[in-house]
């Protein structure tokens, strides 16, 4: 079905086209100023590092439902090869084939279009087979480093994980912000934990994929109001499945990526982080999550680290 | 030729086998303690972020000389596809095939063996076609975040870049440390700039590959004495080509990876960082360089960021 | 479990090591002489061509159970690109990643070893990560063209397909040969139809994979007695699953590939051929099934055609 | 520059749109009737088999000039792996990434469009990132088997190979047909030998690529008049480089693929075939050259065999 009026109304309210100039290709990453980064560094207290990427492996989160988004096929191209003759130093080398968005990743601004347009009014046709995303490619993103805030919605609900189909609402975010004991501010990167990752971590890929909690159509305004720089969660598609509004698919993608110009992350493992934040009694930290700079990429793998 | 006595003498002096236990798989990354990370965060002053990764593209640094280490082949698997019907949100998706060590990367501890052994006395045979590096895989590495120090050897020599074949000596490192105005300490990550990257940046892949400056066989002791956590430079192979000692190939790989258990980085673009450090008058910074966690990887792409 | 005595007894009886010289790398393909090819051409009567390869697609026969044997990931690298400027001729181009044995393929002689040996007493260690099969690579195979004979065992049993676990016996082959109305002779390529492919053709990949009929441990002697050049069937692994003798896995692979030096084909679609042969009342034909010559390949995709 | 009038005049004369119905997707392959195949089988005299495919290897014919058309990257995914436990049968397995048109291949009918159209008036837009060639895909091709005729233009010119830039003319084809001692007829597959392959065979990839002899803009009418089913040659791009008419690029592609609906082959190794034909004193033979059936492929690897 065509996008409903409700979508267009929200779109108008969160739209950032032109805000950073007609040529802008990084959207809300503009909100990460030097001052934001300096202050983010001040969030480091214990020096504890928590990795947020899933290991890259052939039995990763993809089930084959999204064509082309293949789990990593890792192969050795050399094993202990004595290149320079017997008795010399030996090397092993490897190669990989994978979907850029197969595992823990950022959706780039070229990942989604609607009504023929990408973020900042770029034509959808600027994505080509030959060059990939010739505009808004993920390699344009500035190094993604800022203060991170974990909005632990699963913990707010006192649940191991939210049920499939659960819509994380602005009210959920408010409650999680209160639990976090900090106010989300301009340039922050917000990590929303639903607990959905628990399914994959016990080996249930189907259960991880569907049904899934996700972010309500109403949350982009919440992020917009606070001028958040980026948002990531712990689900396969970021969105609610089955969808919040029947037949309205991927509305949050369209609002974040196309209207706001805000990168969003998927398949982030927030379980260890959740435990660590609860243990340390604070949910804000330094976050480094630099996208692998694939030229023309509509998305990119990332190995994020939270530093408490 | 077999490894010469000189090599074995140095090997004995820098060897870390057993230092962190018989089961250790991360080597000198053990030196990055919480305190080191906390202090590293204190290096952030201006909040300026400098990306150190080369863009990932098909005309990358590889020339075909190292079989299997192929430049990234980036392809679109979907372009503005309206998955859920006409008029709905449209998505673009992509896939890649690449050598894990094709671009800006970390050599993992399983990348090199000599005399049948990997770091910490692991058998070379633990690297297999089926499982990759079943020991010492790059996914074992803890998130690589620490204080970074740029040792700008090219700048010390007042050169745009060191000439091919130039051996960076411990004396060069001393001079660069003095220029840096800081003392390299335990847990630091050292970035050695030779300026070799300038060749690639003007499109000369052959000139970048060969001949090349690199680190002298005598430098691992320098790093060992200071308990450095990791070292990266701006060359294709890290080593001097043609080699410092005739027919002694890749001795520094063997010392760093096998004897010390120290990850080393290659193809790091240190040009912008060099200019920024000179401008700000300081060469120490916060460095985040988390390896993409490929299970069984003998190396991994990385998108490092220096934060001044 | 170690290979049982029964296996070793049969192995001794079918062994071809040294038969075509100590350096031979093609085994029973030596049986395809010029005279055999000439006579095969005489099998063409109607001129009807039947393709035997499955279409190469991402939803192919692989289910993920065999790591690395990935279904084809086909991507476009250019779409209607006007390379030489607007209004000029436009080109589309594509790339693929796939397991060489993912779809309709030949197992090469380097695909299997036992007791440390490949065919003709070559060391198993001649297969390396860097060079692949440095001996017995599939590129060594001469062009595989000969008379083909369909042994339609499913039809003999008057079944759409043999049940999972069914062992095709020498007696089954005798009966199918009688149905075929021809005597299998030296240099022939035998296609054994079990009907298992029907599961995949209706979209049931799991049912196709397991349980599966296959060739009994007793059939290699049948092929050996007739000096068959190669054998293919319409199953995922060629073998019976669950196995004919408990814990004896892939014995027929070991006998065909290692002992006899005989290539075997898997995932051949024999359904249309079966119907055509029945219709024309003859089960012998000209068969062209040239392996794609991957250097160092342990197997290769093939697009066979039967010409009646 | 836009396509010149000369091109459009020829296009009109050779156009086959609608000839085999509005839905036709195989073009001149329709000319290969059962009778043609039967008669082709009669061309087998000696039973000698000549393979025409280049070995598939990483140092193949591609030089990196055509983005995405990468030489095969062949990797082992398992090496002598004893899947079912120590002492059992061990298997080796492999995977590949390659451009479908990287080595010896057929251009499919979806490979080229001009003026927004593919063969038989299909819209160029039917080629998509998600599905590849949704019309005219190479998997639609019937098994390519027919009489082959070698037109040995290099031999006519008494040259090891034609010089770069040489335009093979209709007169050249007439002379080669006379040398062949047979008349090219409907349904034949013509192989045009320029001798250009000699450069690659001695390791000179650049010399093979450019400059190159190729087929004159005037030859499609020659093939059209004789109702040839397909044409292949021994060059990288099939066309003359530098082009016959300044700034008119790939006109023969457009005439063969778009106007005539005739597959064309590239990178066919005709050297051994040339010697064998001269030796046997005949240049017609049975040719089997079945395209690997990649669904949505704009082209496909092929391992052709000529049988004399």
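Points worth noting:
Here the chain labels run A, B, C and D in written order, and each chain numbers its own residues starting at 1.
We take it that a residue touches a chain if its C-beta (ideal position, glycine included) is under 8 Å from a C-beta of that chain, and two chains touch if they have at least 3 such contacts.
Just so it is clear, the structure is predicted and the values come from calculations on it, not from any experiment.
Compared on C-beta pairs in contact, B-C and C-D come out with C-D as the pair having more.
Centre-to-centre separation between subunit B and subunit C, using Cα means, comes to 45 Å. Computed centre separation for the pair subunit C/subunit D is 26 angstrom, with centres defined by C-alpha atoms.
For subunit A, residues that reach two or more other chains under the stated contact definition are 67-68, 70, 73, 75-79, 92, 95, 97, 128-130.
Chain-to-chain contact here is organised exhaustively, every possible pair of chains being in touch.
Residues 58-59, 64, 67-68, 70, 73, 75-79, 81, 92, 97, 128-130 of subunit A are the ones that touch subunit C when the two sit in their complex. The touching residues of subunit B, when paired with subunit A in their complex, are 1-3, 33-38, 41-42, 44-51, 53-57, 66-70, 72, 74-80, 83-85, 87-101, 110-114, 124-125, 127-129, 132-133, 139, 142-143, 145, 247, 249-251, 253-254, 286, 288, 290-299, 301-305, 307.
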